[in-house]
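There are two complexes below, and they share chain A, which is joined by chain B in the first and by chain C in the second.
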Partner chain A sequence: MTRFRRFLVSDHLAGWTFILPSVVLVGLFGLVPIVWGLILSFQKAGLISPEREWVGFENYARILSDPKARQAAVNTISYTVLFVPISILLALFVAHALNRKIALIRFYRLAVFIPVVTSTIATGIMFLWLLDKNFGLANWLLDRIGVGPFGFFEDPHQAMGALVLMTVWGWLGFDTIIYLAALQGVPQELIEAAAIDGASRWSSFWRITWPMLGPATLLLVVWSTISALQLFDEVFFVTKGGPLGRTSVVVFYVYRLAFEQGLGGLSLAGYAAAIAYVLFLVILVLTLAQFWLGRRVIHYQS
Partner chain B sequence: MRKRFFVLLAAFGLMTSACTGGGDDGNTPSESPSGPVTLTFWHGYSDAEADSLKALLDEWNAANPDIQVESLYVNNDKALQKLTVALQGGEPPDITYQYGSSLPQLAEAPGLVDLTDWVKEPDVNWEDFIAGARTAATFDGKVLGLPALIDDLAIVYNKTLFDDAGLDYPSDQWTWDDLRAAAKALTNTADKRFGFAYPMDASEDSVWHYDPLLWQLGGSILNEDESQAAFNSPEGVQALEVLTGMAVDDKSVYLDIQNSAYTEIFNSGRIGMLMTGPWDLSSFPDVDYGVEILPGFDGDHQTIAGPDMWCVFDNGGGRKEAALKFLTWLTAPDQIKKEALATGHLPIRLSVAQDTAFLDDFGATFPGIDVFAENLANVVQARPVLAAYPSISEAMGLAIVSAMLGESEPKAALDEAAAQSNDALALGAG
Partner chain C sequence: MSSIAVSTKTAPGPLDPRALAGETGMVERPRRRFLPFDPWHLFLAPLAAVMLLPLVWMVVTSLETLAQTRHFPPILWPGRLQFGNYAEAIHKSAFGTWFWNTTVVTVTIVVSNLIFCSLAAYAFARIRFLGRGVIYFVLLATLMVPLQVVLIPTFLIVKDLGLIDHLGALIVPNLVSVFGIFMLTQFFRTLPIELEEAARIDGASRLTILLRIVVPLSLPALATLAVIQFMWTWNDFLWPLVTILTNQNAFTLQLGLATFQGAHQTTWHLLAAANIMSMLPILVLFLAAQRFFVRGIATQGLKG
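== the complex of A and B ==
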């Protein structure tokens, strides 16, 4: 048998055939753009004009002196710092509340998850109406108890908070499901043993349940951080980066540079690609750090 | 959140094709159309506009079997982005609708037809197009588009609210102080009623509502040779102080942060006056409205125009000639009248705008539109057509919104925007 025929009847061919569609898709829409994006980040280039000029690290150097890039970075960091802990702690609380046998529990679990599968546009329209400064339901209710009115998305100092509120609501269900599954994996005999030894519910939660949830928490921290740093949809649709750029996050800024201002004339697509690459590196380093830290502090069940 | 990842990927993807495409610009030598040609024609017209356009296209296609025009709807706000993608693919449309403000970017597009010589042909009757529209279609001395649509800003007011408050309707003698006083009188905070409204999304929409005030006072956006920002002059500050006085001190302005709600709120009778263009009139079926030209400073009531245009791409094989022939017909007075009466578009040609029989018909079909049509005579200046303009517009938009939100002082905000604009201008020159 020739090597080729041996290859034809071996498991290799079947294996490659099975993964071929994914390889082609990932290659075409993943790897190729990633490499081209890297090349573009070293060029002065717009998207309309075919002219390309190699500028080395100029695009990267420019980021440091761009106040709008700094503003986008600060916005992204404050969003992440707010979004990640709030969404995870809230999910833990909700998952704990849903982890019991009560009437209609399936309905409650479904209700918590529905926002996750609702389109961002629908969520956005709903929150724009609810949180409208003059005509929104939220301000109407707050007015009944003598508070407000709040500007929410219309107030430069509150828009980021409103954005966090909206996205936490939208993604709470996902985090909750992960925690709910993890909670059901916590061995009941440990809790019972602790109860017999006289541990309070509070301390058995913090000493048994919480450590056992470590892997799930790590997953959620890594996942939420990456998603928060890549926030785009909600900003694009609801706030458009405003008011006064207070919700202009990095990916949104990249989009604006490349596809709104950078079309042709100002040749900003290369600069936008450079920012995208810096964000990629930040996410990579942060994720590796989180995993490294996670391995040292997390208890894995044997 | 998965979606976000793909957005980023898609962004990369588009940048990618940016590197590979754009080579073939269809520079095949032009020849006269030998067989039947089918032209691709992008427009952003919807509803009544689309019906009217379709009727015109059907008429053309029936009469010209050799030059068939196939239309495709492309949202106007996305027309430049969509064109960018088509250019990367090497297949631009033969004719596309574009905003006048996109001209500097379009000028770099491979295959864009320079119309400078062609518009000298008598059939085109170039001088008959409204001056502001001709300026806006010209970049670096080259005519790069044929005017398609023109709008101007005027005051649209709710007659019922004025009657209830016992106020006189706006007149063509009004000053901005009159408007401010009326807006204050019409405002009722408890009832959520506002005297005036302003687009606050810091886009070009926030800027061009401010420009007429600046110009009426004798100020300008840039200096004479367009090398430095000039809008932070005392005139510019005074213009912005009119707006901040209303927004911050009187609180008589509905500040539309997302720039998406003011039409509905006006239509529900909670806004007294709007500064807007004819395209909004069809959104006000529930309001008994009137239209008046802008208030003025010292008797200067000039306004601003937002012209859009048809751009042509040379795809070879006689298609360019066919496209130009079609556009000549589409922008001829007869077609412009038909379109105007069906859609409420202001006439883009002077001969039509001054045709009294037509104006009577026009005003009868669309109440108040005749004021917008006559207001075209108040268009004196145009915004600068420069590659750096999007950056200047962004800086000005942020300054105006920031001052009107009470976040900064008008002078300081405009000074900062001027500094940023000067940076952008320096970059464009270098």
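== the complex of A and C ==
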């Protein structure tokens, strides 16, 4: 057998043939953009205009003196601080409630999961209608218990809250599925043993179940933080960053700079790329910090 | 078994059969009953109502007349159902085009993901070849990078390929997903290797083994990947938004719906009908393949 023929039947060739399409595609649309994005962030560059000029750290320095970037950062942080704890605590309670065999339980689970498969645009349309200032069902229901009327997405002080409400509705099912799976992994014997020893339900939840949910909680904290920091679709479609810029979050600002103004001929893609890279760095550091902290407090089953 | 023992020991009263059927991780301790039903219904029923309210209200609105939608207090039941709203919504928009485009894009991406992810995952799980570990690691690392970081350069690549404003812009970058490769690799590794070894000895090629042995054993995992990929593609908004700029013939459902909303902000009966129609395929798929969705979402969480 010649060396060539041996190579033809070797595992190396077989392996590479099998992964080749994936490697080419992920390389071109996954790896190249990561490097290119970094390069762009050091350039003055446009989407349409062929202009490419090296500007060093100018784009990064510019972020610090840009009031709109600061506003976007503040909005993103306040959204994340509201969204992450609310969605996770609510999901924990809902998963606990759904983790029992009672009549209609399949229907209840279905009701909680359905928003997960609903697109952000469809969700946005539903909430724009539900929370409509003039004709919305929500204002009518609230009026019956004597509060309101609210402007919701149209009120500068309420828009962020309405956004949180809408996204919690959309994400609750996802978090609940993760918690439900984790809850079903808690050994029943432990809880029974605690019950025999006279532990109340409350204390056996906090002393046994909650610690065993540690890995799931960590996962959800990390995952929700990442997606909260990258909020875009809902803002773009429902509030357009308004009113008065109160919901203009970082990714929305990046989009505006690069695409809305970029397609108009302005060379802001480099600056936008710099903001995106800073956000990426923040996410990376936060994620590592959360994992580091999690490792220290979470009890992992052997 | 042990659940029954515990319950009888601590509960001398008559046994509620439901108390014995507690799921893993739950102990149904008998307690005095004030209600003829489980007290958790008092939380779960309102919760289900709140979760379903936006959807139900959208359905009701889609069956009302324009005048009824503009009435305050809201009219909770239209009386005569206006099914004509659906036809009118289709007539007043390019709904057919959007639906067709979305279907083409979604089906192409799901099929190509099943093929390419299976091939790669099989190699990563079973074949020893030069660079396997490094390449697997590098592929997984791309999962860490958020979309907005690569959005601008990916746009520029797609632009250089001449795909802007074509369905190809939506399809080509998504023909394979790293998440799919990762999920299938993990699954293939759990399969018993003996069958494959026997087939190797009988002279079967790698491809034959993948198609005849591995794929038939992996149908649940492949179905999970298919439904998750279907959901992602069908519902995706950001990528179509930045790549389909002016060509309305290449609009997807989400893109079309968003522009339709902009143009018909005041005709909520039509908007509601269009919205319901856009959700229908994914809702039907979800109801039919619920467990694959749930499993897929749970694994999607695990990749993080």
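We take it that the second predicted complex is superposed on the first by the 277 of 302 C-alpha atoms of A that agree within 3 Å, B and C clash if a C-alpha of one lies under 4 Å from a C-alpha of the other, contacts with A are read in each partner's own complex, and residues count from 1 in each chain.
Criterion: a residue touches a chain if its C-beta (ideal position, glycine included) is under 8 Å from a C-beta of that chain, and two chains touch if they have at least 3 such contacts.
Note that this is a predicted model, so its numbers are computed, not measured.
In the superposition on chain A, A:Q230 makes contact with both chain B and chain C. By the touch criterion defined above, A:F135 reaches both chain B and chain C. Of the two partner chains placed around the shared chain by superposition, chain B is the only one that A:G242 touches, whereas chain C remains out of contact.
When both complexes are overlaid on chain A, the residue A:W171 reaches chain B alone and has no touch with chain C. Here chain B and chain C are compared by how many residues of chain A each touches, and C touches more.
Once the two complexes are laid over each other on the shared chain, residue contacts for A:L40 go to chain B and to chain C alike. Once chain A of one complex is fitted onto chain A of the other, the partner contacts of A:R52 are limited to chain B, with no touch recorded for chain C. Look at A:I191: by the touch rule set out above, it reaches chain C but stays clear of chain B.
With both structures placed on the common chain, the touch criterion links A:G30 to chain B and to chain C. Legend: residue contacts after superposition of the two complexes on their common chain; A:H12 is shown touching chain C, with no touch to chain B.
In the superposition on chain A, the residues of chain A contacting both chain B and chain C are 29-30, 32-34, 36-37, 40, 47, 120, 128, 134-135, 174, 223, 230, 232-233, 251, 254-255, 258-259, 263, 269, 272-273, 276. Interface residues of chain C facing chain A in the complex, by the touch rule stated above, are 2-3, 6, 9-10, 18, 21-29, 37-38, 40-41, 43-45, 47-48, 51-55, 57-58, 61, 69-74, 116-117, 119-120, 122-124, 127-130, 132, 135, 138-139, 142, 144-157, 159, 172-173, 175-176, 178, 181, 206, 231, 234-235, 237-238, 241-242, 245, 254, 257-258, 261, 268, 271-272, 275, 278-279, 282-283, 285-287, 290, 293-294, 297-298, 301-302, 304. For chain B in complex with chain A, the touching residues are 1, 3-5, 7-9, 11-16, 18-23, 80-81, 83-84, 87-88, 102, 104-110, 192, 200-202, 254-255, 257-258, 261, 265, 387-388, 390-391, 394, 398, 401-402, 405, 407, 424, 427-428. On the chain A side of its complex with chain B, the touching residues are 29-30, 32-34, 36-37, 39-40, 45-52, 120, 128, 132, 134-135, 153-154, 156, 171, 174, 223, 227, 230-233, 238-240, 242-245, 251, 254-255, 258-261, 263-266, 269, 272-273, 276. Chain A meets chain C in the complex at residues 11-16, 18-19, 21-23, 25-26, 28-34, 36-37, 40, 47, 94, 97-105, 107-108, 110-130, 134-137, 140, 169, 172-174, 177-178, 181, 183-189, 191-192, 195-196, 201, 209, 219-220, 222-223, 226, 230, 232-233, 236-237, 251, 254-255, 258-259, 263, 269, 272-273, 276-277, 279-280, 283-284.
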